[in-house]
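As written, the chains take the letters A, B, C and D, and residue 1 is the first residue of each chain.
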Amino acid sequence: MSIDLEKIRAFFANDRFAANAGILIDSVTEDEVQCSMPVTPEHLNAGGTVQGGAIFTLADLAFAVHSNLPLVRGENVGITTGQSNSISYLAAARGKRLIARSTCLSRGRNICVFRVEVHDDQGNFIADMRGNGFTKAAR
Amino acid sequence: MSIDLEKIRAFFANDRFAANAGILIDSVTEDEVQCSMPVTPEHLNAGGTVQGGAIFTLADLAFAVHSNLPLVRGENVGITTGQSNSISYLAAARGKRLIARSTCLSRGRNICVFRVEVHDDQGNFIADMRGNGFTKAAR
Amino acid sequence: MSIDLEKIRAFFANDRFAANAGILIDSVTEDEVQCSMPVTPEHLNAGGTVQGGAIFTLADLAFAVHSNLPLVRGENVGITTGQSNSISYLAAARGKRLIARSTCLSRGRNICVFRVEVHDDQGNFIADMRGNGFTKAAR
Amino acid sequence: MSIDLEKIRAFFANDRFAANAGILIDSVTEDEVQCSMPVTPEHLNAGGTVQGGAIFTLADLAFAVHSNLPLVRGENVGITTGQSNSISYLAAARGKRLIARSTCLSRGRNICVFRVEVHDDQGNFIADMRGNGFTKAAR
């Protein structure tokens, strides 16, 4: 099926927390969703590096977009929400932008698993996240 | 040792991402750190519930404060940063405020593990997070 | 409802991997399942401490028993299987026996979350596991 | 540096729990460690599928071997042990053998992160594990 990027962006514009963090949906295919986030002073923690919650939120949006593609394009399914997530932080981010790319590891009628890799714009591998989702039945 | 809450708050005021999310450090003892976050339209996701990244950021700040107490009060240790975290979402948040409370599961010279439970202000158990930290050697 | 410990043990006797590891189901209530495992040379890793997989298997059985109580006592539900698990290792095990105790964090029609704490028989907190389960619809 | 597979196998022959599960170290390079495990009635759970703890133990051995390569070949480092692990189960295993392959996501002096993918011998992706390790200082 075709993927309407503007329709997806409009749907997720309602994700105020991600939008306030400056996170953008860059590209969407069946196989990969890419989101990115600028690194500004507003994204830092007390140690002066990018806050873990900011990196998690970026990865989580890629997971949310990818796992909800069937819903957004009108299939008869409910919303998919994260049930559990795990993240490992691999290196301190450098540069001006973080990029998250998702991969689908499995998808069934009710549960799904996605992996999201986060790199900085200098090519460093910053974090690896796995999201386990649950899809509600359609109303 | 005594715990100077204002000193701790001043240190973590530099965590801009948590501050922008409205997260406050409510109380600190050796055994438990409590942080809280208001639930406003700015904390919601596209499904109209509190964004998973917002809940994670709240829990992560409690973990960061608790794990860095030795540093903040002047012990000769480096900063403790999250190495890996896992979170399970248990229920959709209701009410106007989320409260995170941390417990130390283990602490060694280099590595530590904390658990953070997040409830809403109606008493519902919203999320359970475990954070694994690494403490750098003092400079 | 009443809990028939022998019926539960008979059901899980078919878990050959746990049985071969010497894991026993000690006690079962609605609120807590306790399983235990002896520490013998057969449970050690190359470093001479209890293998992480053995500790995980012990915790996982407590999770499996607790999450499948409705099925075992005859309710009209399918089997609950682990979807994702996370474990943190807190201390090297001492003594002759490890004890796992589970707590239910949430349970819905389809998904559930349990926490399992593992101690050794000297009271040391050895590992903390969280299991996220999925319950299939009844046939 | 060269990798002596027999030396590695001799070192990990002391991992009795993995050996008892029939786990073999198939191949080792700097970039990937492959371990495999037969699927026999001794590896099943009460539901008749491969026990989650067996899959975890297989993945954990690949992680242990990969993360301890420097130690086994004689570098001046201590043993690396798992600090925390997370695993997602993707599909029920089919066929007669499970194969685990590890990748290094990051490695520093003290902490490291590895990913292990588990497939069955029919090519199905069965489980995805991430292991976070801690390397003790050399004695």
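One rule holds for everything that comes next: a residue touches a chain if its C-beta (ideal position, glycine included) is under 8 Å from a C-beta of that chain, and two chains touch if they have at least 3 such contacts.
Since this is a predicted model, take the numbers as computed values, not measurements.
Of all residue numbers that take part in the contact between chain B and chain C, over half occur on both sides, making this a same-residue interface. The interface with the greater count of contacting C-beta pairs, when C-D is set against A-D, is C-D.
Chain geometry summary: the mean Cα position of chain A and that of chain C are 32 Å apart. Inter-chain spacing, taken between the CA centroids of chain A and chain D, is 28 Å. If each chain is reduced to the centroid of its CA atoms, chain C and chain D end up 22 Å from each other. The set of chain B residues that touch two or more partner chains comprises 83-84, 86, 88, 113, 130, 132. Against chain A, in their complex, chain B makes its touches with residues 11-18, 20-21, 41-49, 51-54, 56-58, 60-61, 64, 68, 79, 81-89.
The touching residues of chain B, when paired with chain D in their complex, are 83-84, 86, 110-111, 113, 130, 132, 134. By the touch rule above, chain B contacts chain C in their complex via residues 86, 88, 90-91, 105-106, 113, 115, 125, 128, 130, 132.
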